[in-house]
Amino acid sequence: MLSPTTTFPVMPVLAEEYLSHYLPIALLVVMALVFGFGNLVLTSILGPSRKGAVKGTVYESGMNPIGSARHRFNVRFYIVAMTFLVFDVEIVFLYPWATVFPNLSEASGLSAMFLARMLFFILTSVLAFAYAWRKGVFRYD
Amino acid sequence: MQDIISCLQSIATPQLIAHVIVIMVIANLMLGGCAYLILLERKVAAWTQDRIGPNRVNFSFGLVSLKSKHFGLGQALVDGVKLLVKEDYDPPQVDKILFYLAPVFAVGTALVGWAIIPWGGLMQWGDQTLVIAAADINIGIIYPLAIGSLAVYGVVVGGYASTNKYSFLGALRATAQMLSYEIPMSLCVLIIILMSGTPRAEDIAVLQAAGGLHHSWNILFQPLLAVIFFTCVLAECNRAPFDLAESEQELVGGYHTEYSSMKWALFFLGEYMHMITGSAMFALLFLGGWDLLPFLGALPAVGGIGLVLLKFAIFAGKVFFLLFVMMWIRWSLPRFRFDQLMRLAWRSLIPMTLILLLASGVIVYLRLSPWYFLLANIAVFVGGLFVGPLLPQGPPVNRRVPLAGSRFSPLVEVAAKG
Amino acid sequence: MIVLAQQVASHPLSPMQPLLFYVFAALTVGSAWAIVLSQNIIRMAVYLLTTLAGVAAIYFMLNAEFLAAIQLIVYAGGTLILIVFGVMLTSKNPFMQLVTSPLERALGLFIAASVAVMAMVALLNSPVPGGAAAPAAPAGHDHVARIGRALLSDYLVPFELAAVLLLVVMVAAAYMARRTQR
């Protein structure tokens, strides 16, 4: 499949300006990690360290803890996460539309079509929202 | 070795150097600023509650004797040192790896998220136009949302790793809250992209600063959207009145109950940095970024170093004002209850932003003047006032439990019955 | 290998890019490995977060910035939280240490191997390793807009189907919520 003479780009070779797009962000990430972990190391070196039987208990405002903190929780939180995800994905699909839609030229005649297609998309999410509301998903009693 | 040097030479373009300078300046300003924001917060609290606030610590630090108290400005530095030398205690029940990772997540996402804020606008450098921001990426204002959606892990992981009931409940609440308010926030950003036709931060600022009746600050066109966005920023930062994650009356400290010393302080720093990023986003999206006054188009888009500094000062001033408003709100409003918080997000903010999105789409399609956005905002607000009470409501959530001697069932009635 | 080394030497930018690429690839693979080795479900989630972030970083390096943002928003910020919540909710003792049985191990190995074979077949049939240079990223800042144009014209059917699918998901979620309230 690969002839010995073919070049094998490790990465697509990019123009210099593109490197300057993500290099600053890489720098920021490195800075954040150094700052975060550096502080953790510093504080564990500088501070005193004493242990004790009572100090080692879980803090529950001075009461002796009853049972473990590892509880199952209300399913409502799961529903919130689920509903969030649905809307999150909808919005992600809408970003490209919002970027292209205002820039369509009047002459191209695409505007109405793009609006109609997007209205269909948004209206399904409105429908979903209305159904969820009707079924009491957003009731937190 | 030769390769690396030539490589460095070829990538060290003026634009990259500008990015690096901005990163160095702003990151340090933010970290130092956070210490003083905490002092400011205490001063604002004192002002709201008619107290004096911290005013004793000056810059002598016990080394020299100074008469002046310097308005207590030494407090921030002393607090920082104090947090570093406090005991860094790991309770024995915690999940060690995650317990250490959580504060790094919290502060890390906060330190990375502000990258696209165009603090200084554009600068002319020879024949090049440099963007004075930490990074100039195509997705622009979508980027802080992407990083912000990771911020929830600091809370979740910290709350889980602590193995404490308070922490776990606080983490769950905070997660639900941050997820719920991310949707209206993203919708607000989406509408701004739709209005501007570009997600790039600098272009959005330039459009608002162009001057004239049709290019002005977005807050004038979309006041309701601005209020919704600001509410979401407060909720995403876990700021009062949405600080349920750490409502101290119920949950002690919430997700950071078991944290101490600098590990705790990293959570705190993260919160304040998120506040700065949120304020900067608000200033960028709604207050014209670095623009001086609406309608005038007073500042040119591109200029020399002096203009960049002026723009930065204006931008920082707006951010500072918004931070002050956040503190003002914190010390004035009581905390929301959890069900109120969720209802606010799902039953008011999301429907309103969805309708505004539809309206904005139609207005953009018809190529109407941006003042129709204002009309849509007013219509949605007034409509909400009238339609809100008509929508199906659940049963009353805050049922009053009769408790002998409480405000709602006084002892007299109980005694008369008995 | 020699060709690769020549490539690296010939282009002034190339030392930097493979270096960054290998760092992120190592991060991705390493944390994926940690997921497999770990027995604590929340730790696995955190390692999975690192994996997803590493993949996002590689997207970013390929100038697919929007894809990287989606990776973070949808997968890291949404799906992973959903997985964590789901695991906490459904298993009997949600925080137990996971122990894999030999059967599960064999099944996992089989699935992993088939996915790997599929990925290799797809990779070897794709145009990139054949020597054709990857299409140069278009200049300018219309990156997201191009995706939007494609989504609403050439890929309209999948796009609208996604909306319908999301509607179905939402209805299912609402149905679940109703069941739990009774």
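Labels A, B and C are assigned to the chains in the order they are written; within every chain, residues are numbered from 1.
Criterion: a contact is a pair of C-beta atoms (placed from the backbone, for glycine too) under 8 Å apart; a residue touches a chain by one contact, two chains touch by 3 or more.
From a predicted model like this one, the values you see are computed outputs, not experimental measurements.
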Self-check item: Centre-most chain [mean C-alpha coordinates]
Solution: A
Quiz item: Which chain lies the greatest distance away from subunit C when centres are computed from Cα atoms alone?
Solution: B
Self-check item: Centroid distance [mean C-alpha coordinates] between subunit C and subunit A, Å
Solution: 13
Quiz item: Centre to centre, by mean C-alpha position, how many angstrom separate subunit B and subunit C?
Solution: 28
Exercise. Quick one: report the Å distance separating subunit A from subunit B, using the average Cα coordinate of each chain.
Key: 16
Quiz item: What parts of subunit B, by residue number, touch at least two of the other chains?
Solution: 10-11, 137-138, 142, 175, 179, 182, 198-199
Exercise. Hunt down the residues of subunit A that sit against at least two other chains at once, touch-wise.
Key: 16, 19, 21-22, 25, 70, 73, 77, 81, 83-84, 88, 95, 98-99, 101, 103, 118, 125, 129, 134, 136-137, 139
Exercise. Note the residues in subunit C that touch 2 or more other chains, in rising order.
Key: 8, 13-14, 16, 65-66, 70, 73, 77-78, 81, 144
Quiz item: In the complex formed with subunit A, which residues of subunit B make contact?
Solution: 10-11, 13, 15-16, 19-20, 23, 27, 31, 83-89, 91-93, 100, 103-104, 107-109, 111-112, 115, 134-138, 142, 162-168, 172, 175-176, 179-180, 182-183, 186-187, 190-191, 193-199, 252, 257-258, 261-263, 265-266, 338-339, 342-343, 346-347, 350-351, 354, 357-358, 361-362, 364-365, 367, 391-392, 394-397
Practice problem: Within their complex, state which residues of subunit C touch subunit B. | Solution: 8-9, 12-16, 40, 42-43, 46, 49, 53, 65-66, 68-70, 72-73, 76-78, 81, 84, 141, 143-144
Exercise. Write out the stretch or stretches of subunit A touching subunit B in their complex.
Key: 16-17, 19-25, 27-29, 31-33, 35-37, 39-40, 42-44, 46-50, 55-56, 58-61, 65, 68-71, 73, 77, 80-81, 83-84, 87-88, 91, 94-95, 98-99, 101-103, 106, 111-112, 115, 118-119, 122, 125-126, 129, 133-134, 136-141
Quiz item: How about subunit B: which of its residues touch subunit C in the complex?
Solution: 3-4, 6-7, 9-11, 95, 97-98, 101, 137-139, 142-143, 145-147, 149-150, 152-153, 156-157, 160-161, 175, 179, 182, 198-200
Practice problem: Within their complex, state which residues of subunit C touch subunit A. | Solution: 3-4, 7-8, 11, 13-14, 16-18, 20-21, 57, 60-63, 65-66, 70, 73-74, 77-79, 81-82, 85-86, 88-89, 93-95, 124, 128-131, 133-137, 139, 144-149, 151-153, 156, 159-160, 162-164, 166-167, 169-171, 173-178, 180-181
